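Some structures are shown below for you to check.
Next come two complexes, and both contain chain A; in the first it sits with chain B, in the second with chain C.
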Partner chain A sequence: MAVEDVKPTRSELLEIKKKIKLSEDGHKLLKKKRDGLILEFFDILNQAKDVRSELDDAYKDANNKIGIAKSVEGTITVNSTAFSLKDYPKIHLQSNNIMGVVVPKIESSSVRKPINQRGYGILGTSSYIDEATDAYETLVENIIQAAEMETTMKRLLAEIEKTKRRVNALEFKVIPELKEARDFIKLRLDEMEREGTFRLKKIKKS
Partner chain B sequence: MHLFSKLRRKSGGENLRTSNYSYVTARVRAMKSKLLPADTYSKLLNMGIDEITRTIEELEYKQDIDVLARQYSGADLIEHALNRNLAVTFTKVLNMAEGEPNYLLSKYLKRYDVWSLKTILRGKHYNASPDKIEENIISAGKYSFDFLSDLANKDSYTDVISALENTEYYSILKQYDGTNLSDIENELEKEYYKDLFISVSKLKSKNSRIFAEFVGAEIDIKNLRTLFRLKMSGIEPEEIRKLMIEGGHRVKMKDIESLLPLSFDEFLSAVDKYSYWYNFSDVVSSEMESLIDLETQLLKQNVKFASSISHVYPLSIVPIMDYILNKKIEVDNLRIIIRGKSAGLDKEVIRKQLVI
Partner chain C sequence: MELSVVGNGEFVTGFRLAGIRKIHEVSDENLESAVKEVIKDPEVGILVMHDDDFNKLPQNLRNKLNESVEPTVVTLGGTGQSSNLREKIKQSVGVDLWK
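For the complex of A and B:
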């Protein structure tokens, strides 16, 4: 808002004072929200680091186990056994609210199954296949957990960024401009008052 | 794997009173001498993938590699060539044998038919393309590749099952409703061993008794393996009972019945009275998290058993089975090395899986 556009009236001054009050209150609240979100983000960041390192370990383990299964049993056996697994893990998406930010809550089912309910026959398979399947079940669970954590982090980061921009806009643009406008109106009003007084004195003299 | 279909397979329904053990054992002894000596695997372990591939190309597998080279490359080529060679070799041994040895071998090699049928059913269950299913078929049993390929090209599992109406597998396969694949697979395996055992029991010769002992030892190992896997996963005794195969050599059904209700720890204490125990006691403990070492030990035990009795009965089915087993071990070991290397597994991890 350019100062030149401001009407130097008493009502405008009152209006701007109200806006300043509102902006300062909003600024305080947004700062608190930003700080709260940052705290929440760091809390989740620590959990996400653990989840990510578990995911890395699970990936290495799964790669290792499938490597052993493929070498001992052969890719033909691994491929054939994989044909018998048709069910996909079921994923339920819910939402959680962290300080107004909607983050996903992912719940999974039918990822881990008992050895006799996986779809392949026990008698024609071996522990190599069991252990590779186990490792991949763990990996899928870790991926789902990491997806929840990392999406939450991304949404929190976006919200922190947005809040930071708003705080900065209020702090460095909106409030200073309003204050400048207020000071300008005050100055103009004082001047107008002085002009009025001077005019009255002149009229009295004549 | 089309070549197997061109090889003539002698059926097992010949005169069982005849046999040519002296001829077949002499041939397989010569073939066994061509198998790789144990120290070759240590040398291969120190080589890179390209060197291993070149070494394997210089062995018995050259022709198989040449045939499949247009279709596959790298570790896939070696694995398919090894499987092809295995099937060709088994068919060759089967064709050498006449009368009783042919009958026994063809019964034993039906495991590859069961394997292929399971693969086809799994493929249909998954809606895999016929090409993908055909890639995973090993035609080393009674059924030719063409027959199995026809099955793989059927539209649905019901068509596959209808095509098998006149086979011994139909009574089991017709129970498949699209949801109970694992039960059908288990039943097919059990039927294989039951049929093998009944077929062998029909014969009264000394050879059939030795063969029964050999099959019994394999059933023991299969049952022990299943018990360990399911006990460790905490599966109910009733479920485990359904998966036990009758006809074990040293671990009889009444022994299994006594092992079933035990907890994993109690089960471990109970199995130590069996003669197999000393072979795997060092890899078994109540805190064990993996059964991989145990499986390798059990497999080694099976090979050791076959080798030990093959010297006792030189003109019998045992040297033939010993060769079949050792050929399979050679193929497995070569695959373990090449696949292990291409998967970036540690040398020691690969070495532990080898059956030497």
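For the complex of A and C:
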């Protein structure tokens, strides 16, 4: 709001005072929202670090186990066992709300399957393949958890950045410009009053 | 919705054992097109890739995947994922909280 565009009238002064009050109230609320989002983020971050660490361990374990299964049974046996699986893991996305931010809650089904329902004959395959399958099922569970955590974090971070920009815009641009306009109008109104008083005195003298 | 895995033969075999159907066994040449195909699939909720394969993608595709929520990308086998998030955290909050 350029000062030159402001009309120096009492009604304009009242309008600007209202806008300043509204902006200052909004600024306080947005600061609280920003701080609340950051606190929620801290909470999720700690959980995400644990989940990420478990995921990395699960991947290493699964990699080891499938390496062993391939060296004992052969790659072809492992691959053909993999192709015989019937059921596949499904995920369902639901929404959760953290401080007004919609975040996903991922529910999964058919990730862990009992050994006799996997689709391959349990007598024809060795325990190394069963262990590798178990390890990959655990890995998939961890992947789903990590996906939920990391998506939540990305959404919270985007909202924190947006809120931070609004807070800064209000604090460093909008409110100072409004106050400058208010001060300008007050100055002009005082000048006009002084001019009026001086004119009256002149008229009375004459 | 389902999970999808993109990578070389060695990476994807284990996920077949876990029952994942949408597996794209690709070489480096087909990697980018396979990833673009998976992103367009509305049935894919989570995309799993190896960290090395993720780093082979062009920068603009990597940025798009980092921002993507559906599907969410989870990378395994390196520190790439956590360093992307770490950068975002430093940018948004202003402090490196991932230590």
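Keep in mind that, in the parts below, the second predicted complex is superposed on the first by the 205 of 206 C-alpha atoms of A that agree within 3 Å, B and C clash if a C-alpha of one lies under 4 Å from a C-alpha of the other, contacts with A are read in each partner's own complex, and residues count from 1 in each chain.
We take it that contacts are C-beta pairs under 8 Å (C-beta built on N, C-alpha and C of every residue); 3 or more make two chains touch, one makes a residue touch a chain.
Everything numeric here is computed off the predicted structure, so don't read it as measured data.
Overlay on chain A: chain B and chain C fit together in the combined arrangement.
In the superposition on chain A, A:N64 contacts chain B only, with no contact to chain C. By the touch criterion defined above, A:S80 lies against chain B but remains apart from chain C after alignment on the C-alpha atoms of chain A. Once chain A of one complex is fitted onto chain A of the other, the partner contacts of A:V72 are limited to chain B, with no touch recorded for chain C. After superposition on chain A, the vertex angle at the CA centre of chain A, spanning the CA centres of chain B and chain C, is 30 degrees to the nearest 10.
Once the two complexes are laid over each other on the shared chain, residue contacts for A:S126 go to chain B alone; chain C is not touched.
Of the two partner chains placed around the shared chain by superposition, chain C is the only one that A:V140 touches, whereas chain B remains out of contact.
In the superposed model, A:P114 makes contact with chain B only, not with chain C.
Look at A:F184: by the touch rule set out above, it reaches neither chain B nor chain C. In the superposed three-chain model, the partner touching more residues of chain A is C, compared with the other of chain B and chain C.
Aligning both complexes on chain A leaves chain B and chain C separated at their closest CA atoms by 9 Å.
When the two complexes are laid over each other on chain A, chain A has residues 63, 66, 70, 75, 79, 81-83, 85-86, 118 in contact with both chain B and chain C. The touching residues of chain C, when paired with chain A in their complex, are 1-3, 13-21, 45-46, 48, 66-67, 69-70, 72, 74, 76-77, 81-82, 85, 88-89, 91-93, 97-98. In the complex of the two chains, the chain A residues touching chain C come out as 38, 41-42, 45, 48-49, 52, 55-56, 59, 62-63, 66, 70, 75, 78-79, 81-83, 85-93, 104, 106, 110-111, 113, 118, 129, 132-133, 135-137, 139-140, 143-144, 146-147, 150-151, 153-155, 157-158, 160-161, 164.
Residue ranges on chain A touching chain B, taken from their complex, read 63-64, 66-68, 70-72, 74-76, 79-86, 114-124, 126-128, 130-131. Listing the residues of chain B that touch chain A in their complex gives 76, 79, 83, 114-115, 118-119, 122-123, 125-126, 128, 132-133, 135-136, 138, 181-186, 188-190, 222, 225-226, 228-230, 233, 235, 239, 243, 245, 290-292, 294-295, 332, 335-340, 343-345, 349-350, 353.
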